[in-house]
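I've put the structures underneath this note.
There are two complexes below, and they share subunit A, which is joined by subunit B in the first and by subunit C in the second.
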Partner chain A sequence: MSTPALDTVANAIATPEREQPYAALGLRADEYARIREILGRRPTGAELAMYSVMWSEHCSYKSSKVWLREFGRRVSPEMTRHLLVGMGENAGVLDAGEGWAVTFKIESHNHPSYVEPFQGAATGVGGIVRDIIAMGARPVAVMDALRFGALDSPDTARVLPGVVSGISFYANCLGLPNIGGETWFDPVYQANPLVNALAVGVLRHEDLHLANARGAGNKVVLFGARTGGDGIGGASILASDTFSAGGPTKRPAVQVGDPFAEKVLIECCLELFAHGLVEGIQDLGAAGISCATSELASNGDGGMAIELDRVLLRDPSLTPEEILMSESQERMMAVVAPDKLEGFLAVTDKWDVETSVLGEVTETGRLVITWRGETIVDVDPRTVAVDGPVYERPLARPAWLDGVQADTAAALPRPASGSPELRAQALRLLGSPNLADKRWITAQYDKYVLGNTALSYPDDGGMVRIDESSGLGFAVATDANGRYAYLDPYHGAQLALAEAYRNVAVTGATPRGVSDCLNFGSPENPEVMWQFSQAVEGLADGCRELGIPVTGGNVSFYNQTGDVPIHPTPVVAVLGIIDDVARRIPSGWQDDGHNVYLLGTTALELDGSAWAGVVHGHLGGRPPAVDLARERALADLLAAAAHESLLASAHDLADGGLLAALAECVLRFGVGARVWLRDLCERDGVDAATALFSESTGRVLVSVPREDDVRFLGLCEGRGCPVLRIGVTDATVGLDVQGELVLTLEELREAHESPLPAVLGPVGGY
Partner chain B sequence: MPTIVVEVMPKAELLDPQGKAVAGALERIGTTAVRDVRVGKRFELTVDGPVDAAVLEDVRRIAETVLANTVIEDVVAITAEESIVPGETH
Partner chain C sequence: MRIGVVTFPGSLDDRDAQRAVRLAGAEPVALWHGDHDLHGVDAIVLPGGFSYGDYLRCGAIAALSPIMREVVDAAGRGVPVLGICNGFQVLVEAHLLPGGLIRNDHGRFVCRDQRLRVESTGTAWTSAFREGQEIVVPLKNGEGGFIADAETLARIEGEGQVVFRYLDVNPNGSLHDIAGLRNERGNVVGLMPHPEHAVEPGFGPDTTAAMRSGTDGLAVFRSVLEHALARA
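Here is the complex of A and B:
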């Protein structure tokens, strides 16, 4: 193998006309021209490598930036009350009280998970956990929002088992509980699954760390795994096409992770933080060293000098371009004061973590990288990391939308009250893949490791105790209904927000912040860009109304098969705080003779519903109306009721409506209920099928012990919350909806629990 | 009955956590002779008839599609028992 000639800065100046493979690296002609303008010369191969990855959609947010600014524009003082670190850092940080803080973030790993499901999903978990470590926090829980094609498609059979075992492998090895998330099946995700990984960490306020490189003379240290040829499919184009025909073959674009190395890295970082040995820190994810050096320098004093030869390599044949672009996992970069370097190295040595001092922080305002003594990169780091291209992509409201919105599900035939058809449709709905039990997936995850898990799947949200002495804890839930967002992206995003918010509220926690993962098709498609802009505006307006901030997240574009984009899928994660996890509210019925109440009102809102999709194969109309003021009042009511321990259970109504909520309340602990719909139908002016299947928002099913009835009803009245008694729990029946349908516990179990194992095989661990 | 051996290794560029773990263990017990370790898989396929070109072609296809995940692994050798099949080298 011949060694490619080194493309130094001097060489770049001397050979201005040399052709460079910018297009193969994903840069447009005008972007390449801009790089030449910024530098006043052609970039070196190494500089081109850095710019091309950092100006990619994934790293630069070039299509989404103009819209993401909306989140900042709509921030109110109320939203920042508990915000310690907002958007732009590795992860957002919220005050949890008692001197504790919580950091959380959700991020996509969609494309890698399609190429190599196991490693793609595993490294997705690894990446998001490193974001949490970089904030100075100890990771304590993970969660995933997954979207696959139709349950019975061959594509799902290939992708789903790999993704699930990749997630379980990595997080189980790290010793982190997976506390929930959600899984949806829809043919639109065939050949484009979504794997959105969330991680939560906790820290004391004083332990907060930020990604910046301040203090000239401070050392820049790379530690963790060695750098290899993982995930640099693109960089090899530089090496092989431009510099030498006999260069390395195209490197694989996937990465392989090592969770045990990451576990050591977590403990090593926490010890470094505890001893105050770190000035600034950043994890290495997409764009590897290119990203870490340019971002750290941009966020700090602006200058950095790096000797790239000092990077410890797994494969000595790597070219400097490949080293800069490598996405090898389990690496971190820290800025360390010279007098603390010895202590730093002692800690990394103790943990057997390989460490190398690459260079130091300077005041030159330039990021200078040398290789074999020659300068191969000399750039203003802000031009790489911050001031990348920004596009105001054209928007076009899809012409088909009016037609789709006019096609309402209200026109579909609904089964008559008490008819056998009503019962049959109910069973079909409960056994549909999206409403069916997901234990085939969640049984592969550790849920209770670390011993602090208070709630997890199938509860509405996951809950983890932060402080053993006080019981302080957090709850987190993710949601997104792509069907709603397809019908109306603005309200679809708000519906995702409202549902995640409600899912946190029903646990008894008070929602405090949002992280979002916005999954869309190609931004170059004006219709997709319109959907995106609508979703962002909906989310920004919604957060303002709920008084909670977006703390960070991620945008994933180009999710499409051929020219067909996925449904817009704005996955929203809401995190809330609860003073004492002992006061959490269970999601199902456990005792006989409790009154069952429905909070909120029901309207004929079947557009985009599970019922319309499952029973009629229909998707049209407008999604259910969102009333965020009502959601807020409902959350306040639930927090107050939880505080006084008035509720025996609370369960959110969402896809599948009242029917799904009733069935899940029965199945959680095997205690059923006698339910009547007459009063509900009368009060809200709806028929039985609508009462059972409608997906009106702002509704929660609660059960209340008889002795707390009066206080509970007083609470509802005082807050003006519509409340209606619709049943009584009864351990001797399954689900008995009087005059409508009777389903035994066994029938419910069979319908709900058999669909996934029927296709994917037996559930592990059962 | 003849046996065909298929050897699969993780792609050279990718991290091999198993190999790294073994190398670490060797270092801990004081072995200095070994510089690096990579761990792969060996499959022994027993076939009914004689190993001819058609059978080998079949095995090659099986190796590339079932035995190896070619996104992250390479089939490095397919050998018939006792004799190295022409054209296949390590």
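Here is the complex of A and C:
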């Protein structure tokens, strides 16, 4: 935007008919009219900039708000037992016990990561970490959920290494261990990869900080990196629009990250918190100063007066509108009592963090921004940050869904028991990109820094010690299966929840809360909106049944190429607490001669499975049945068994079914097993291929030392949990499924470990 | 015994190094990059991280920080100094150790459990190992490729200045598989792998005995304690 003369409020009153570029800023005509109505005049250029970014889909949740309220409506008292801060703040906070709290959140940075994979992914990490700091917590771990197009597509070779390098560059340099996550490949993400970044922080209860500006006379301070021209309009343009081929390049709207500046900012903020120098704090992410000032003022009890020309600039030629919209990274805004300002500046000075006092909290109820003495913004901050437009978008159950659901994978030919075809299909499955080893990616992340990582990839969940003296810790896992959600978004979302929940439970931790990142196509498409509404209802109902709350998260719409939306991809992160990380359960076999048990039962559930996709290129039918009561009972059983240290290992069954779980248990430490399926096939009435490839839920593979057998089986019986001994660990074999297939350790390794390096090249030993 | 751990802006493994010092039985002392004060410590650790954002060259700016003038003086007096990863880069930039460290040959950051051979036990930081002992210590770096000109390399090898050598996999293209070096006197040691990440059962590298149970790094910190006792 180029406004030759400064567009002041007085000028806006004097020139009511001036044409304004609201459409180029992503506002609809009726939204622009609403702004004029609120103000009783036309907005100034600066006000228009603020409203346009804050009313964007990304910042206002205008299409999703009516559905997200479902999470609040379906909350039970059980769910809020451990909840210290719920949805709506920078990140949710859960009580972890012993006076500790844990805060975590997952957020998307999808579109920037497609335009500029390295910086897009890097700043995705930076943004989510600042959300964690803003709660008063020390960030202690990151994780990421990634979706790319086909592994062998040329564009994946551009996007994937860039995204991984960006995450690696930023999080490694911040000194945060990356403890897991997941990566999927599917052509539906070809021109719209998903980069969902999660961060976890820990804090003492008394250190909790909230984003509000209270107390007239308190100073409003901007500190951290200088404001530059990067990322202008990122939220409104990139995150809230569909890419169209042949349009102008959108690269300048991607922010550029400096993890060193953020690392220093973290330490500086923690020192400010420790000395009690901050009344309220907010990070600057999407919509930059527009967002921080309007949200802080809205959450407070008065107004705010800002002198915008006090913002320290990287580029002195920036206009006030650009300064308000800039999404320059590594910036924070704090509200500081006047008598503490000196102490505040001493700390920022120690860390060489540039700081400027922009203004103060007022009693006017207005957010007033001046530029060189002239008023360019005079608004009720709530109209910018809170009372934005809300749409009840039309919904339509897709007409194609019945046909897709009728096309079940049960009709596909399955290989006969013991046939060479069964073995060949098993190898193909284990070497398929989604099931293959992801160490090419995770080897680029520091998993050791801070010295508290108790579990990380390839374990089912990541686990981090919170307290060195007691061993208190948390476990976290993310999951989403877009194929399931495509077949049935309600149950697809619940399946993601169930899997993340189970992945936390198998570590020995007790699930306690949820954060979600809901990745969908355009909300203006009624079919996508229906998928979204179904997924939200599924999650809200599922969380109620599991008794754990959604603490926050993010919605990402417009994930599509042209008119073709991605599969609905509700990424669910579950966080659990374990009272001593020393009792965590490994995910694979380490010892000879332990009994291998399968918990849960297996049905013919191949719809949406990895087997149907890899072997038959098939996606149809209905996803596996979800039984959350059973998941809950299973989690309780695992927690009890972990508490008594009865389990040598536990590993969840998900995509790739029993076969994938067996192979992963072997590959974790290189100890194999002899396995038999006869009892399983008999009890559950399934054939060998179904036993190996079905993706029935509520199943976990555990290994138990012989001396603990009786106690373990007693525990299962007491809780009515179906349990079947299906094998015994054996360090002399790879995977020997008797009468069905034999795979040596070398064959398993080759199939599992070679696919990513074969396409992406070597990484120091992987 | 008091062991100082220097924090530069961008240091990341400083708390880990302090924990390792504590677990080895010494008292960790936090040292600040902007000070000229070593607080009378008996030994010094320069921890891993990205000091000053790795701007210019890894370790180049840190090597010019106020505390490093004191560290160089102390090293000259025979005070044991250990540089881990970024700390190794700082020692090289400060000319306390020869050679240079460049971007990994495969171009990517890599984090792995690395097998190493201890080549020299005649230093303040390796006396608790056996000569030729094979250990596993986590490695994590983007710029860990050791280089030196032919003459320097010949001297390093000839004088027995190689302290640790990579086994199985050379993870970054280091010449002669060099993972760590000593000065001639043996009080200054630098290495790319992170012994401070293999000091506590449950949080180290996997071993055949149990998950994350590797504590091979602890001997580095115990060595300097023994070294101090022997001199006392």
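Keep this in mind: the second predicted complex is superposed on the first by the 740 of 766 C-alpha atoms of A that agree within 3 Å, B and C clash if a C-alpha of one lies under 4 Å from a C-alpha of the other, contacts with A are read in each partner's own complex, and residues count from 1 in each chain.
Simple rule for what comes next: a residue touches a chain if its C-beta (ideal position, glycine included) is under 8 Å from a C-beta of that chain, and two chains touch if they have at least 3 such contacts.
The structure presented is a predicted model; accordingly, all values stated were derived computationally and were not measured.
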Room on subunit A for both subunit B and subunit C (clash or fit): fit
Which superposed partner A:Phe260 touches (first subunit B, second subunit C, both, neither): both
Partner chain(s) touched by A:Ser328 [first = subunit B, second = subunit C, both, neither]: first
Subunit B versus subunit C as contact partner of A:Glu116, first or second or both or neither: first
Partner chain(s) touched by A:Asn481 [first = subunit B, second = subunit C, both, neither]: neither
Touched partner set for A:Ala225, first subunit B, second subunit C, both or neither: first
Vertex subunit A, arms to subunit B and subunit C (CA centres, degrees, nearest 10): 60
Between subunit B and subunit C, more extensive residue contact with subunit A: C
Which of subunit B and subunit C A:Arg314 touches, first, second, both or neither: first
Contacts of A:Gln531 with subunit B and subunit C, given as first, second, both or neither: neither
Partner chain(s) touched by A:Val449 [first = subunit B, second = subunit C, both, neither]: second
Subunit B versus subunit C - smallest C-alpha distance in the overlay, whole Å: 5
Shared subunit A surface residues [contacts with subunit B and with subunit C]: 258, 260-261, 352
Touching residues (chain side subunit C, partner subunit A) in the complex: 9-10, 12-13, 15-16, 19, 48-50, 52-55, 104, 106, 108-112, 138, 140, 142, 168-169, 171-172, 194, 196-197, 200, 202-203, 206, 208, 210-212
Subunit C contact footprint on subunit A (complex, rising order): 165, 168-169, 172-175, 258-261, 263-264, 351-352, 443-454, 465, 468, 581-582, 586, 590, 669, 761-766
For the subunit B and subunit A complex, residues of the former touching the latter: 10-17, 20-21, 24, 69, 71-72
Complex contacts: residues of subunit A adjacent to subunit B: 115-116, 119, 225, 228-230, 251-252, 254-258, 260-261, 314-315, 328-329, 352
